[in-house]
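Accompanying notes for the structure given below.
A, B, C and D label the chains in the order they appear, each numbered from 1.
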Amino acid sequence: MEAALRAAAGTMSDDKISQAEKDEAAYFAERAKAAAARAAEASAVTGTPPTLFDVQEMELNFGPQHPSTHGVLRIVLKVDGEKILEAKPDVGYLHRGTEKLFETETYPMGVPHTDRMDYVAAATNNHAYCLTIEKLLAVEVPRRAQLIRVILDELQRLSSHLVWLGTSGIDLGAVTPFWYAFREREQILDFFEEYCGARLTLNCMRIGGLPFDLTPGWTERVAEFVDDLPARIDEYEQLLTDNRIWKKRTVGIGVISGEECIEWGLTGPVIRASGVEWDLRRAQPYECYEELDFVVPTRQNGDTYDRYIVRVQEMRQSVRIVRQCLERLEPGEIRGKVPRVIKPVAEEVYASVESPKGELGFYCVSNGSNKPYRMHVRPPSFINLQALPRLAKGHLVSDLVALIGTIDIVLGEVDR
Amino acid sequence: MEKSPAEEKKARPEATDASGHPWVESLRAALPDTVVSAKSFAGQITVVVQKDSIARVARHLKDAEDFRYCVDVTAVDWKTRVPRFDVVYHFYSFSKNARIRVKCAAADGEEVPSIASVFLAANWCERETWDMFGISFSGHPDLRRILTWEGFKGHPLRKDFPLEGIDTGAAIYPEEWPEGGGPSGKDPNRKVVS
Amino acid sequence: MTLPPAFWTYLKVVLLVALVPAIVGFVVVLAERRLMGFMQARLGPNRVGPQGTLQGLADLLKLVTKEDITPSRAEKAVHSLAPVLAVIPALTALSVIPFGPPVRVGRTVVPLWVADVNIGLLFLLAITSIGVYGIILGGWSSNNKYSLLGGLRSAAQLVSYEVPMGLALVSVLLMTRSLSLVQSVRRQEAMHLWFVFPGLLAFFIYFVAGVAETNRNPFDLPEAESELVSGFNTEYSGVKFAFFFLGEYTAMIIISCVAVTVFFGGWLPPFPNVKALEFLWQVPPALWFLAKVAAFLFAYIWFRSTFPRYRFDQLMALGWKWLIPLALTNILLVAFAILLTPGWTTGLVWLGWTLGVLFVLAYLAAKLRQKLARRERLAAEPHPVEG
Amino acid sequence: MALKKWLDRITLLDLFDGLSVTGRHLLKKKVTIEYPEQKKLPSDRFRGMFRLDEERCIKCTLCAIECPINIIYIDWHNEKDEQNKSVKVLDRFDVDLKRCMFCQLCEEACPTVPKSIWLTTKTYEMAAYDRNESLYLDIRKLTDWREAPNVKPFTVVERG
């Protein structure tokens, strides 16, 4: 800055400063000029000379290397002090062209790629993909496979919500729930490992069914775990739900009404916290969700605290769903009648599941060959992130951290 | 397990004409000459409309038919077809608990009216479509690239965009293989690496 | 041969300056990391040395050998000065802390404090608030927006919380009738009463303000890692960072020491008036002091691993709208209790009993209500999910 | 109602509740696995390092075809054996492990029984200083590959 001022005043001889410094100086001189112009403009509007206490915008780059952006999200903030005047998310740092990859590979080969979109909830991604292709092929999934898919989905939802709980706790300064949540998540990952051999990028579903049957003893261990889990959830709640600091940081932050949620296309826990009881598992049931008994938790206020409560209650409901599915499990086929070479009719189809983040949809256009002609993902994180500027406006920088946490984004899915 | 081709063909689902569907009828009544065709496949209604009236179609679907939630906007590149692109919209109605797919065809370089003023949710989707396919939307408030960076040349999801990518000048990981290895093929003198 | 008194003073200064950083580095930091680990269902650092005891040494070596980076457009002089400003006042403030009663070494009586200043508390408040300059200047000179925000937060926080802290100590002054810390302990010894009982509110305010002043969770806004990326010390590394670290932990120790001295009877064992507990006097008084300080440090660690972080404006609101009025009320309460029985301590004892019993009763009532409410909620739930 | 809320507030009930949770955990059993000394064995289906059985392999290249990211390179030629029968001989069977995403589709595609390429080797310690050399497997490494010797004995921690 000093160098810039000196250069602007012309006190330093030109040969002494390098080109880089000159550029820098020019940049700062320009910035200073622009700031002066803005201040003059502001004073012209208010009729008073600019003072120290006028609104002075500062541009703050929040990310891409910031501990609270949950990946490589960059938000360009305009702040006045700590108050956010404008927030512009800048995404795409993790863009890998997954949709292009789908087009180059046969239908079954697409499944592992879906793991890498929302990498904390790979099972639901697999599920949405397989569901789309099954719809295109009009394949019936055997009942046992349906039940196991639902169990995997709900375990995945639990694990995804646990990650969310831990990380958004850390964002607000509560470190300990993170460790407790990850302790439980570790157990869920162990179940996945035992079932399909991987912990994170599961690749645990195939078009028409499942790759494996369950290992012996798996159901008992899962039952034991889900029986144990509500007490653990109580523990997290004891740390956070009634805590006055937690409440202060979340109640009334990022309020959005149900109408607005629909307008912005927000889905998942976000819309349910705003009073819209809309859950794809209930609204457009897939697999065997219609016969299961569970509650779609909703709250009315649409603030960060309600979104927290909704997610925690969803975890409890997932426990119930897993229990019911375990009771219903009977021996049987796990793979539907799918031809070895999948060549669907030249048609287009859209199918979606309720992923932990919201509506995860796949839109598949087939041209009759063994590769999808076009495969498009409707990523809930991407669409939900869109509303961040709306949520963040007028709040403080500290709240932005809470808001990024509360819409629960995974950058792998945002950028694909 | 193998079925005969005829049998297999019979088992395959087929699309049916859906021009008589009430939503299509209502669309046709409100906006004459917009609906090109309509079909139903796997219980999903697809309506093809004229490109220029897409904003009005969206408005009509939102106001009259209660499709208030814009699920998604994307496009399909048909490479050799004229016009080249299909822009695909998905809408959802909470009261009907149903989805509708609206498509319109657009040639390369043509502008499609933006529906971002009708549905806020379409904003980023249209930006993504512009970024990935190069279909520009007229009347969009902020049509910038979103997943690639400003100044990126080309539109990755077009069929003529190479899968390996293009040289953008950005420093990416160099392609390195052990001697004799890699996808280049046979090499009798390949030394065994340990 | 008797050594001159100055010798003992120098020795104590040297010991303090050498020992406290060592204790901070080796004991407090390790204890914090391990205890936090235990509370979080993990083990914490246990690799360097037996049970991780040499972790402090390893960290120290790492910090000392690390490259010392100054950002290119930082204010270099201020950037280097800031860590020193953070650590020197903290070490200086240690000089007035009485660690124990005078001990007899040979024929000399050596007091276990460097100086018994008759304005002890004022001196402490004045000196410790210089420490914040280090943080503000460090944040400003780094030429980093996050650091600047951290520095500014720190300034506002310190200014706001100095007031309730001072007011809380005023009520103790009414009981002590002296600003000297040694006198405060002597008075508690004479009264057979720890001041924490009549000064329950004062202690609460003091401790909350103390946590806030040392920038510890739940008031660790200046260095909020998830918001400001470590805030004021983002651009610091190596020895300079170690200095900030040392300053923060020494400040923690000072706050604990003052709390122990003023509220918990300094080096006195618990319940000095109970005959059955007389064997407690066998323990060296300095050990009592250290044990109490350790308990406070444990509370710091416990808070850190439990609570979320306040937001900047909420922190201000808490300070100005709650703590200051509460502190003023408390001064009135204590003054009233003293005036009730002039020249005697019965008023204070009664105040202590009232406050304590009231709090315990209220807590039990609240706990009971919580239990009943939970039972009701479970009964009302249509589909019980509880195990 | 308001009074009850105030009761909770002034007695710091919520804060004490939180403190009690962390306090209880102070003495509870810890879940840390001290890695090199203690290990949790992977499950039987765990997808780890590759292994190839050259005898069983029929050189059908299905695994290479099914691989979503094309990291399996197979070259073979025909040779006459003693009975003058034509047999396929592998020239090259390379797996570019550094790009592998361990999806197991190659193992699933393998038509031989038992599979001639499999990943269920329970080995996950694949860290290497040089990814191009160490994480590029040729036939020799795929077939004659042994588990890395454990430097120290370790105790096995129960799963789940």
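A few remarks follow.
The working rule: contacts are C-beta pairs under 8 Å (C-beta built on N, C-alpha and C of every residue); 3 or more make two chains touch, one makes a residue touch a chain.
This one's a predicted model, so the numbers in the text were calculated from it and none came from an experiment.
Relative to chain B, the most remote chain by averaged C-alpha coordinates is C. Among the pairs A-D and C-D, the greater number of C-beta contacts is found at A-D. Centrality by C-alpha centroid: the chain sitting nearest the overall protein C-alpha mean is A. Mean C-alpha position of chain B lies 61 Å from that of chain C. Inter-chain centre distance (chain A to chain D, centres taken as mean C-alpha positions): 26 Å. Chain B and chain D have Cα centroids lying 36 Å from one another.
Averaged C-alpha coordinates give centres for chain C and chain D that are 49 Å from one another. Counting only residues that touch two or more partner chains, chain C has 39-42, 305-307.
Residue positions 8, 13, 15, 18, 21-22, 25, 31 of chain D each touch two or more of the other chains.
Chain A has residues 176, 180, 183, 239-240, 243 in contact with two or more other chains.
In the complex of the two chains, the chain C residues touching chain D come out as 35, 37-43, 46, 302-303, 305-307, 359, 362-363, 365-367, 369-370. Those residues of chain D that touch chain C in the shared complex are 4, 7-8, 10-11, 13, 15-16, 18-19, 21-23, 25-28, 30-32, 34.
Those residues of chain A lying in contact with chain C across their complex are 1, 3, 58, 60, 66-68, 82, 169-176, 178-180, 183, 227-231, 234, 239-240, 243, 245-246, 248-249, 293, 295, 316-317, 319-320, 396-399, 401. By the touch rule above, chain B contacts chain A in their complex via residues 1-2, 8, 11-15, 41-42, 44, 46, 68-72, 74, 76-77, 88, 90, 94, 97, 99, 101, 119-125, 128, 132, 145-149, 156-157, 161, 163, 165. If you check the complex, the residues on chain A that touch chain D are 101, 105, 108-113, 115-116, 176, 180, 183, 186-187, 190-191, 193-198, 201, 203, 211-212, 215, 221, 225, 235, 238-240, 242-244.
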